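Take a look at the structures below.
There are two complexes below, and they share subunit A, which is joined by subunit B in the first and by subunit C in the second.
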Partner chain A sequence: MSAVTSFLTRRRGQGRRWHWTDVVTWAWLAAGVVLMFGPALWLVASSFKGPAQLAEFPPTLLPYVQQTAQVEGHDEPLPLYTVTREDGTEVVLAEIRRIGTNSQMVDPANPEERINVNIADREPVREVGFATENYVAPLVANNFLRFLWNSVFVTAVATAITLLTNSMAAFALSKYDFRGRNAVMLLIVATLMVPLSVILVPLYAVVNATGLLDSLWGVILPTVATPTGVFLLRQYMLTIPDELLEAARMDHASEWQIYWRIVLPLTAPALAVLAIFSVVWRWNDFLWPLIVLSRRELYTLQVGLNTYAGELNVQWHYILAMTVVTMIPVVLIFVFLQRFITAGIAGAGIK
Partner chain B sequence: MTSLGHWAGVLVTAPLVLLARAVDPLLRAWQRWTGIGGMAAFFLLPNLLIFGVFVLIPIVLNLAYSMTGGTEILLAQRPYVGGEQYARLLECQDYSRPLTCREDQFWTAARNTGLFVLFQVSLMVAVSLVTALILNREIKGRGFFRAVFFFPVLLSPVVVGLIWRWILQREGLLNLLVVNLGLEPQVWLNDRVTAFAAAVGVSTWAHMGFYTLILLAGLQAIPRDLYEAAEMDGTPPARVFRRITLPLLGPNLAVVLVLALIRGVQIFDEAYVLTGGGPGTSTLFLTQYIYEVGFASLLRNPGLAAAASMLMAGVLVVLTLVQLRLSRSSAGGQR
Partner chain C sequence: MSQIALKGVTKSFGGVSVIHGVDLDIETGELVVFVGPSGCGKSTLLRLISGLDQPSAGAIEIDGRDVTRVSAADRGLAMVFQSYALYPHMTVRQNLSFGLENTRMAKAEVTGRVAEAARMLNIEPLLDRRPTQLSGGQRQRVAIGRAIVRNPTAFLLDEPLSNLDAELRVSMRAELAALHARLGTTMIYVTHDQIEAMTLASRIVVLRAGRVEQVARPLDLFNRPANLFVAGFIGAPSMNLFPTRAEGGTAALPGGRRVPMAGVPEGSEVTIGLRPQHLRLAQGNEPGFDLRIALIEALGTETVVHGELAGTSGDTPRRVFAILPGQPGVALGDILRLGFDEAYLHRFGPDGQRLVGPGRP
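For the complex of A and B:
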């Protein structure tokens, strides 16, 4: 009974026998690992498969590459197949060409003799291999390098501006006493309730009027004045004792110096959290860039990926590889900085 | 490693430090001229300027746009039409059947969004609550498992949509499992019901880690001695859960509910990449409707899109207020 208690309420002690709640716990966690990581791993595994293999059903777990052999009398390497002969024995042959349901094949050891085989009787010889051209080709040919650069630019610049403007505002709101301070704070917090999706049309009009339409700055600027950022930094700056500032003023430090050389370094942990969040937000932004950017060479990775995935003839081998590339920075953040993000969410409820 | 990181940091910040030094004389002069009050204004200005131009002005303009007609984007060139856009959205013979409405797409999107929110939020709260309860136990590698459930939260909606499109397609992983179980493979995203279920499931998959974290923080804040006292009194576990855990978790549950509802109403990115609103209009949601009417369709109608987003904003504000009230009463410790 107390095991059920601890399941529904809190942890249970060590050193007891396995209880059904333990089974539920570990089953849930195991399912969690498979469900949460599995799809992304499947994406990575698939991204190394060639187009022919991607169209196969059932799909194989690992990527395979068909073996080829150089055969005398042929310039190109020929693909190898295992052929089952009428007597049931198997032999490895190279295919020269396919004619209808027949395949014209040759034994690599004996290149003179041509053998006709029904395609139902042959199996490709494959071994685990990686179709790395999935990654190379779109970066070179399909603008993806451009998209990647745009995404990096938007993310880096937007994060830098976010950190600067939000910390300046937070400094004013936490360290100065002026009329209307609470009104400003309230205004900023209230707009948390107004998400981007309800002001799309007028925001588009404003961006249009400021001449930022179809430019990366039109993507960056509307996102940088985050209320969450101001709020987070202000809460943190409130914990910095005012005596520190007073001491600096005694030493004739200017207000800018106080902000830049005292308050900002002391706010580093909160700035780091905001920086991580901002990078993830801006890297992942989709709807707003989709609306602002119409010239292809300005697309960010997310918009570019969506465009290529929305085409009539989806080139999955490229899409999958580029999805993996899009995922890399976020996975790095997950591996190395995940603690900061979870602490930020649990502590301040930001996302 | 640390010294490497240190020097990298120095390299990045050095230009900034120099810049900050360079502006100092100017700001000193400004400070002498305007005093501390001027400095407060200076520090607030960049953020408030951006905020005003890109958030506050659009909020006000939205109302203006919703009361004008035509296809022009410049407000000055748009004729005033009063409440016509709203009337057009709300004109309907039978609200339960979207096809009888003048803007049938809007009502289809509204109905889909309502159903989506209903299913997704209940699923989300249930799944995150169970996960939080499990992660709150004394298990080995808790940090690791907490991270596991959090992983998809960081992925971009486009990546999430593509990952699952790839799994749910005809030759995909799900069909492999289905065939191995001896069932018929399906094209999951081509069927109205399974495509809708996929939108619900995928968005839950992508965001549950976030809500789990909030609930877990709440569970860990519940004082342990309460449970010890209950155990000593021999209180049945179900009642302990109902009388201690749930009430004390109340504020966090309310927060999770508010956020899940608000996000649910705005569902767009991952569903759009996953299904594109289809098949037909079975996964067309409100934000996609606004996006398509305002920007994507040939006969774009910014006024209609603005009116629709005003209605959506109304729903969001009401939801927020109701839920804030709920969370206040549960924090007050009723029950």
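For the complex of A and C:
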């Protein structure tokens, strides 16, 4: 604790008084922390709020639930309110039902007597609590586990195929000298400039013609050849000395063995980076799966989330909760593998 | 019968010709060294023999079989690369066995051969390490081991010692010589270091600009260089070359001494060569030439003197090297009178080729 305190109150020089730059720095960094973490933390906090609380204005930071009490003569627990009486004293009562602007209430200590209170005179009794049914209901009842599995399948298979095909293309483009090699490379990189929305319609036609519509393979296959991946791996493979390949050639290795046993293991750092990128891309894909998939049992998480946003009614509490679930793998990847990501980006010299 | 034969081999890269018709015969068990200045095509020639590159024209034969179009793996050769080219992600053991496993050799034999090579090169304790955990000299041994396990008909070594420090280079050189004596396998060795060439070679091939200048045993190369290039290239410091003119069967050296010069047309431009080792301080009235000392390198056992010919200081003073035995009392700026024996002279004709005539073997 003292280490944290000394870290937070660290100043210019040693043990001197606060300089104005210390104050500015501290405020600047604190504002940065709020700016970066605020939305994410608010999302997590809000995912535990019930629908009524989400609609409240002004909004609260923390999730609250209304306290209830078991009152004799009633099967269900009744919500508790603080009621301000005419003489100004406050008392905690349980609400039985509401009629117009009046509320019929009862004192839990004295369940026989009914009290009529104007709703303007009562305030709900609340404590910090978590609406865990936001998570339980979609995961159990709404097939979200199925969506989760679909997302995992799409992400894992697409990433595996991406690594294989892109590394093969990169191997050919970096280690074989053939006519038009640079033209091919340029063509591949040029496709980076074509956004998905431009090729959406022709791509749909192709997927439809090949019978992949409404199947997970229709989501996976069009995405596996990524120009970024080919470029990243090629730049890395260029740094592998050709003498290694020649040594392998002298060692009776076939071209496939050179690729599989020499080049691929040596490209591992770049493959790790591409794997991380690919997982994040495929996991977050929304538009393409939305177009390809129409059967509910094939939905990925991102498409599944979309089902909570109807035309007339948006179930914010479910969307928020499932957004948190969707974020977890990506966050974990960045927490544990950020070392590789920064190293790989620096190594490949691209953004 | 020669084991490796090159017949009219040429190679050009995109229109630029780098090897111009090389003919060469290499006998079984020889250690042939390709030597020459950088860019002379020695490494290219080695790669042509290895099969990693294809010649533009000509033929390469191994054991009497034309292998010009045979792939590198099927020529039965093993190569040691300048950078060693060890597979960094494999242990030393895997590095050694990789090539054998690719030929589907039985496991037991692979293990046996790896163990044998490791024992021969004293790398047994290193077998489970990776190349990055080895020192330069150890990597060099592993690279040689990878060649040995394949039991090749010939070893091709591309500047194998150039990445080692001076001390290690000397000891590895001796080990390579011992290894060659022990295995008796043909070796082709590329280097730009003439000491390596002189100490290791059975025969030296001197290359310049893609052409073979001379093929000879090391001492023959030193004693009877075939032309001016070889004369200047072999030997350190290099041979003193004096351009002069043949007149009346003799030619004049600096200082006025005339030496016999037969077999060339009267008045033709000839060159006389004299190794620094064969110059000595003139005794008494012995004829010779005067040298103003510009630099002295005292090495203890001998003293290398860089000098300028006295009397030529005007336009282009001619540099002359002399190696004097021991530690003679000479100082910078002194003028020395140097003498020599005519038997040590090398004579080159107008075309730069060696003239047959008097000359020490």
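The working rule: the second predicted complex is superposed on the first by the 295 of 351 C-alpha atoms of A that agree within 3 Å, B and C clash if a C-alpha of one lies under 4 Å from a C-alpha of the other, contacts with A are read in each partner's own complex, and residues count from 1 in each chain.
The definition used in the following text is that a contact is a pair of C-beta atoms (placed from the backbone, for glycine too) under 8 Å apart; a residue touches a chain by one contact, two chains touch by 3 or more.
Small disclaimer: the values here were computed from a predicted structure and weren't measured.
Novice: Is A:257 touching the first partner subunit B, the second partner subunit C, both, or neither of them?
Specialist: A:257 contacts both subunit B and subunit C.
Novice: Examine A:197 and indicate which partner it touches, taking first as subunit B and second as subunit C; both and neither are also allowed.
Specialist: The answer is first: A:197 touches subunit B but not subunit C.
Novice: Considering only the touch criterion stated at the top, classify A:302 as touching first (subunit B), second (subunit C), both, or neither.
Specialist: So A:302 only meets subunit B here.
Novice: Subunit B or subunit C: which reaches more residues on subunit A?
Specialist: B
Novice: For A:109, is the partner it touches subunit B (first), subunit C (second), both, or none of the two (neither)?
Specialist: Once the two structures are laid over each other on A, A:109 reaches no partner at all.
Novice: One more residue to check, A:246. First (subunit B), second (subunit C), both or neither?
Specialist: In the superposition, A:246 touches subunit C alone.
Novice: Go through the superposed model and pick first if A:41 touches only subunit B, second if only subunit C, both, or neither.
Specialist: So A:41 meets neither subunit B nor subunit C here.
Novice: Do subunit B and subunit C touch any of the same residues on subunit A, and if so, which?
Specialist: Dual-contact residues (subunit A): 254, 257.
Novice: Where on subunit A is subunit C touching in the complex?
Specialist: 241, 243-244, 246-254, 257, 261-262, 265-266, 268
Novice: Looking at the complex, which residues from subunit A come into contact with subunit B?
Specialist: 1-2, 4-14, 24-25, 28-29, 32-33, 35-37, 39-40, 42-43, 46, 54-59, 164-166, 168-169, 171-173, 176, 178, 184, 187-188, 191, 193-195, 197-210, 221-222, 224-225, 227, 230, 254-257, 259-260, 280, 283-284, 286-287, 290-291, 302, 305-306, 309-310, 316, 319-320, 323, 326-327, 330-331, 333-334, 338, 341-342, 345-347, 349, 351
Novice: Within their complex, state which residues of subunit C touch subunit A.
Specialist: Where subunit C meets subunit A, its residues are 50, 52, 71-73, 77-79, 81-83, 85-89, 98-99, 102-103, 146, 150.
Novice: Using the touch definition from the top, list the residues of subunit B that touch subunit A in their complex.
Specialist: 20, 23-24, 27-28, 31, 36-37, 39-41, 43-44, 46-48, 50-51, 53-62, 64-65, 73-75, 130-131, 133-134, 136-139, 145-159, 162-167, 170-173, 175-176, 179, 185, 205, 209-210, 213-214, 216-217, 219, 222, 224, 227, 230-231, 235-238, 240-241, 244-245, 255, 259, 262, 266, 268-269, 273, 276, 287, 290-291, 294-295, 302, 305-306, 309-310, 312-313, 316-317, 320
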